[in-house]
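What follows is a set of structures for review.
Two complexes are shown next, each including subunit A; its partner changes from subunit B in the first to subunit C in the second.
After this line comes the complex of A and B, so read on.
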C-alpha cells in the first residue's frame, strides 16, 4: 500500500510538472502580454521595455519558466501582475468559494439523484419510473447557464428577491452566505442530479439481473432486502467513480455559474487572468486545478479499497 | 449649447416630474458643468453606502501604470492631479491654486494648494508634486502617460507651495495633461520601494475624496470617505462599493431589486429593460469617446487615398449607430461629441460625410478596382456594439463592391496588432480627455514625434498638429485644428462614426450624480443618498 502510494505520488508530481510546462507554453504562444494590456492604445517603446523588464518578460521563456518553477517548489506562487496580491492568497480565497460550490452541489445532487435512481429502478417500467425518467431527461437537456438564468429571473420576478451580489464567506455569516450560494448550487445540482439518477437506475437495474441477486431472490429474500444487503454494495464502486467524474464536471460548470451569480471563485479568477495575461495567477491556478483533479482520482482509488477489500491496489 | 444637448444633461424622468422647474435648472447647467466634480448639492444628507454595479472590473488600481478605462474611472476618486478636466473642456485648478505663465510660454509657476493631506497622513507639499510629475514623465518608469509630458524639460519645487515647470517648447495642452487620467500627486519617494506598484492595489496614497478600503478581485473595490479631505463638507457618502457583476442579466435583476443602486449600462437591450421601471432613473450624457473605423495604410489597397475616400463615401454612420447602440449616441464627423462645440468642424462643412455610392464607385475604378476587392474587418470580442456594426458595414460596403470578411479577435491580440502598427481595417473604441492635442497628436502625428498607428504619414497634418500643440491663442488654435480636421476628412486615416452616450441607471434615492463626459465616476464625490 505504501509503495503504491509513493508510486502514485511520484507519477502525480511528474504529471503536474508536464502540465505546468504545457500551460506555460500555451500561455506564451497566445499573442499579447500584460504590458500591452496595461498600455492600451499607447506604445511608447521605452515605457514598454521598462514594464517588460519589470515583469521579467524580456528574459528567454525557459529562464522565466525555471524562475517560476524554483519559486513554486519553495512554496511561493508569486505575485499577481495586475492585482499586486500574492497568488497563493488569491487562489486560496477563490478556491474556498469554488470548493463550497462544488461540494455542496455534489451533496445535493447525490441526495436527490441517488434516491430518484433507486426508486426508478425498483419500479422499473411503472409510472413512477417514467416520471423520474422524464425529469432526468429534462435535467440533462437544460444547460447550466439556462437553469441559472431562469431561476434568477424567475424568482426575482415572482418574489422581488434576488441573491446579494457582494460575496460573504460562511465564516463571516453563514446565513448571508447561504442566501448567496443557494441558487448557484441548485442550478448546478439539477443537471448532476439528473445524471446521477440515470446512472444509478441503470446500475441497479442491471445488478438485479446478475446471478447473485437471482440467487438471493431465489432464497426468498424480498426485493428491498436484496437491494440493501447486496445490490447497494455492488453499485457503490461505479458510483464512487462516477462521483469523481461529476466533481470535475461541476468544476467546469462553476465557471459559468460564478459569472452569472457574481461569485469570486476559481473559474472567474482564471478567466480574468487569461484576459489580462496575468501569467502568475493563471499558472498557479491551473497547477492547483491539476493537483486537485489528481487528488480526486487518487481519493477515488483509495475509496475502492475501503468499499471492497478484495480490490488490490498496487 | 443647443436645447436637445441641454435636455440630455437632465434625467428625462426628472424633467417630466418637475416640468418647468427642470427647464430652469437646465439653463443653469452649463455654468455648473464647470464645477470641480460637478455641482455641490443643497440639502444633502451625509452618510450611507452606495453600491455601484460594474460589468467590467478594474484590472488594477495603479494610476501610473495601468491604462485601462475600467481603472481610471475609479481611481479618479482617490487620486488627484494639479488640474481637473471639466466636461465643458476647461482645466480647473485642483491641487493647484493657480499659475502664471512667462511671456515666452515656456515657464509655468504653479501655486500649490495648502492644507492638503495624503491618505497616508502626511501633508502634501510642492516637493511631492515635483516628485510625482518627474516620475511619470520619465519613460523608463513605464507609464503609458509618459508620452504626453514629452515637452517638459524640468519640474522643480521652488518652495513648499510653488513649483516651476519649464517646457522645451510651448504646449497649450499641458494643463489638461496634468489632469487625472495618468499619474497623480503621491508622496515623495513613493516608488522607491520595490513593491510600490503592486501595493497600490491594497492601500491608496493619494489626496482624493475617497480612499481605498478593500480591493477583492472578481468581487469588489470598496472606497471609504476620506475624513481629512481638503474640500469642506464633501464627500457626502461614507462608502462606495464597486461590485463586479459580470453578467448583464444579473446586473439588471440587482438594479430592480435594490441590490445595486447605480450602474453604467452600454448595451441598448439592457437600457430598454430598465427604462420604465419604477424607482429607477436613467440618465444620459454625451461623451468624449468615439467608435471608429481605422484604416491602416500598411494593408493594401488602403494605402491608396482614393480607396479610403470611397469607403468613407459608402459608410452611413447613422445607420451603424442605430444598429449598434440603438440610438444612444451622437453621429460625429471628426470630433468627439462633447468637444464638438469647442473644437469641431460642423459635419456639413467636412468632405466625405454623406453617402454617395456613385462617387465612391468612380474613385474605386480610378484606383484600379472597378469590381471592388476583398477586405477583412477586425472586431474585438466582448465589444458588443462591434458585432452589429460589422454586419451593417458589410451591407454598406457591398454596395460599392467591397466584399467584407469579419474577423473577431480577442482584445490582447488586437492591442498587439495596434501597438505594432498592423491594425489593418478595424473597428476601434477609444476616448480622450478634452484637448485636441491629447486627442490627435499621438495617434496621427507621423513618426518619431507621434506614434502614427495607422501609418498615415501625412506631413501636412503633422505640421498642423505641431502648430496646434504650441499655439496658445485659443481662436488661432481652433482654426489650426479645423484645418487638421479638413485634411483628416479628406484623406481618411480613420472614420469617426459616433460617440456613444454615457447611460447611467440609478435608484431614485441616489441624488446629485453628475455623469462626467469622460465616463469616469467624478460625480460620486458630490452624490448623496436620500433616506
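After this line comes the complex of A and C, so read on.
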C-alpha cells in the first residue's frame, strides 16, 4: 500500500508540474499583460519598462517560471499584481467559500440522489421508476446556471424574497450565510442528485441480476432483505468512486454558480484574475484546483482499497 | 443527424418497429430532426431578424407578436433563439468533430504502437484531465480571449482526452485479436493493418462517443457563453443570450427562461438517442 501510495503521489506531482508549465506558457503566449492594463493605451515607455521590471516580466519565461516554482515549493504563492495582497491569503478565503458550497452540495445531492436511485431500482419498470428516471434525465439535461436563475425567479415571484447580494461568512452569521448559500447549493445539487440517482439505479439493478442475489432470492429471502444484507454493501464500493467524480464536477459547477450568485469563491477569483491578467493569482488558483481534484481522486482510490479488500495493491 | 443512420440497417419497416418498441428513441430522434430543420432553415420559423434593435419595444413580455418577448434592446428573443441554434450547435458539433478526429487518431496510434509514444500521450492526457472540464474551458477561452474560434478550440481541448482514451483502449483490444495476428502472419503490412482493421473497428466506438458527449459539450459551451467567455454579442448564441438576460432576470425572466429551455430540450434529445444507441451496443 505504501509503495503504491508513493507511486501515485509521484505521478500526481509530475502531472501537476506539467499542468503548471502548460498554464504558464499559455499565459505568456498571449499579447497584452498586466502592465498594459494598468497604464492604459497611451503609456509612457519609461513607466512601462519600470513596471515590467517590477513584476519580473522583462525576464525570460523559463526564469520567471523557475522563480515562481521555487517560491511555491517553499510555500509562497506570490503577491497579487493588481491587489497587492498575498495570493495565498486571497486563495485561502476564496477556497473556504467554494469548499462550503461544494461540500454542502455533495451532502445534499447524496441525500436526495442515492435514495431516489434505490427506490427506482427496487421498482424497476414501474411508474415510480419512470417518474424518477424522468427527473434524472431533466436534471442531467438542464444547465446548472439556468436552474439557478429559474429558482431565483420562482422564489422571488412566489414569496417576494431574494437572497442578499453581499456575502456573509458562516463565522459572521450562520443564518445570513445560509440564506445566501441556500439557492446556490440547491441549484448545484439538483444536477448532481440526478447524476447520483442514475448511477445508483444502474448499480442496484445490475447487482440484482448477480448470481449471489439470485441464490439469496432462491433461498426465500425477500427483495428488501436481500437489498439491505447484500446489495447495499456491494453498491457502496462503486458509489465511493462515483462520489469522487461528483465532487470534482461540483468544483467545476461551483465556478459558474459563484459567478451567478456573486459569491467570492475560487471561480470568481479566477475570472477576475483572467480579466485583469493577474498571473500570480490565476496560476495559484489553477494550481490549487488541480491539486484539489487530484487529492479527491487519490483519496477515493485509497478509500476504495480499504473498503474492498479484493482490490489488489499494485 | 448521424444517429438516424445508425438505427436503420434494414429499411423502413424495421426502423418503425424499433421506434415503436423504444419510444424514448423515437422522441429523441423526432426532436433531433426538428432541431436540424431549425438549424438549416431558421427563416421558416420567424420573420424577425435576430439582430434588429428596436429600443421602443425593449423588455416586452411574451405576446402573440413576440412569442418569447423582447430583450433589453428590443430584439425578438424567439428569433435570437432560432438563429442562435445554428451558431450554438455548429460550435458544439465542430468542436466535437475536431476532438473526435484528433483524439481518435492519437488514441489509435497510441494503442497500436504502444511504447514511448503511448507513454508520452498518456502523460499529456493526464495533464489535460487534471483540470475539471469547465475550468479548463475557462482557462483556454479566458487566456486566449473570448471569441467563437477560441470557444471551439477550448471545447476541442477539453474533449480530446475522452476520445483518446476510448480509441486507445479500442485499438489495444483490436490489436490483440486473432484476426490481426492472422493478417500479420499472412504478410499484411503494419500500415494496412492499422488502417483496414484496427481503425475500421475503432471508428464506431468514436462515433458513439460523439453522441454520448454531445449534451455535455452543449452544457460547457453554454456555460462559457453564460460567463461571457463564448460567442460575443451581438451574435445570437444560447449561452450568450442567457448572459445578457442575467442582469434582467427579475424584470424580464423570459430573456433567460427560453434559451435555457432550448438547451435543456436539445440536451435531452441527444441523451435519449445516446441511451438507445448504448443499449444496442451493450446487447452486442
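Note that in this section the second predicted complex is superposed on the first by the 314 of 314 C-alpha atoms of A that agree within 3 Å, B and C clash if a C-alpha of one lies under 4 Å from a C-alpha of the other, contacts with A are read in each partner's own complex, and residues count from 1 in each chain.
Keep in mind that, in the parts below, a residue touches a chain if its C-beta (ideal position, glycine included) is under 8 Å from a C-beta of that chain, and two chains touch if they have at least 3 such contacts.
Fair warning: this is a prediction, and the values are worked out from it, not measured in the lab.
Applying the stated contact rule after C-alpha superposition, one finds that A:83 touches subunit B and leaves subunit C untouched. In the superposed model, A:51 makes contact with subunit B only, not with subunit C. In the overlay built on the shared chain, the residue A:264 is in contact with subunit B alone; subunit C does not reach it. In the superposition on chain A, A:26 makes contact with subunit C only, not with subunit B.
Within the superposed three-chain model, A:134 lies out of touch with both subunit B and subunit C [touch as defined at top]. When the two structures are aligned on the shared chain, A:215 is found in touch with neither subunit B nor subunit C.
Shared-chain residue A:162: touches subunit B and subunit C both. Of the two partner chains placed by superposition, subunit B and subunit C are both touched by A:152. Shared-chain residue A:248: touches subunit C; no touch with subunit B.
Once both structures are placed on chain A, subunit A residues 30, 149, 152-153, 156, 162, 259-260, 275 are touched by subunit B and, in the other complex, by subunit C. Residues 123-124, 126-127, 130-135, 138-140, 142-145, 215, 219, 222-223, 226-227, 242, 245-246, 249-250, 253, 256-257, 260, 263-265, 267-268, 271-272 of subunit C are the ones touching subunit A in the complex.
Those residues of subunit B that touch subunit A in the complex are listed here as 51, 53, 57, 59-60, 62, 65-68, 139-147, 195, 197-202, 215-220, 241, 243-247, 249-250, 253-254, 256-257, 259-260, 410-413, 415-416, 418-420, 430, 442-443, 451, 453.
Residues 30-33, 36-44, 46-48, 50-51, 54, 79-80, 82-85, 90, 93-94, 149, 152-153, 156, 160-162, 164-167, 259-262, 264-265, 268-269, 272, 275-277 of subunit A are the ones touching subunit B in the complex.
Within the complex formed with subunit C, the residues of subunit A that make contact are 11, 14-16, 18-19, 22-23, 26-27, 30, 137-138, 140-146, 149-150, 152-153, 156, 162, 248-249, 251-253, 255-256, 259-260, 270-271, 274-275, 286, 289-290, 293-294.
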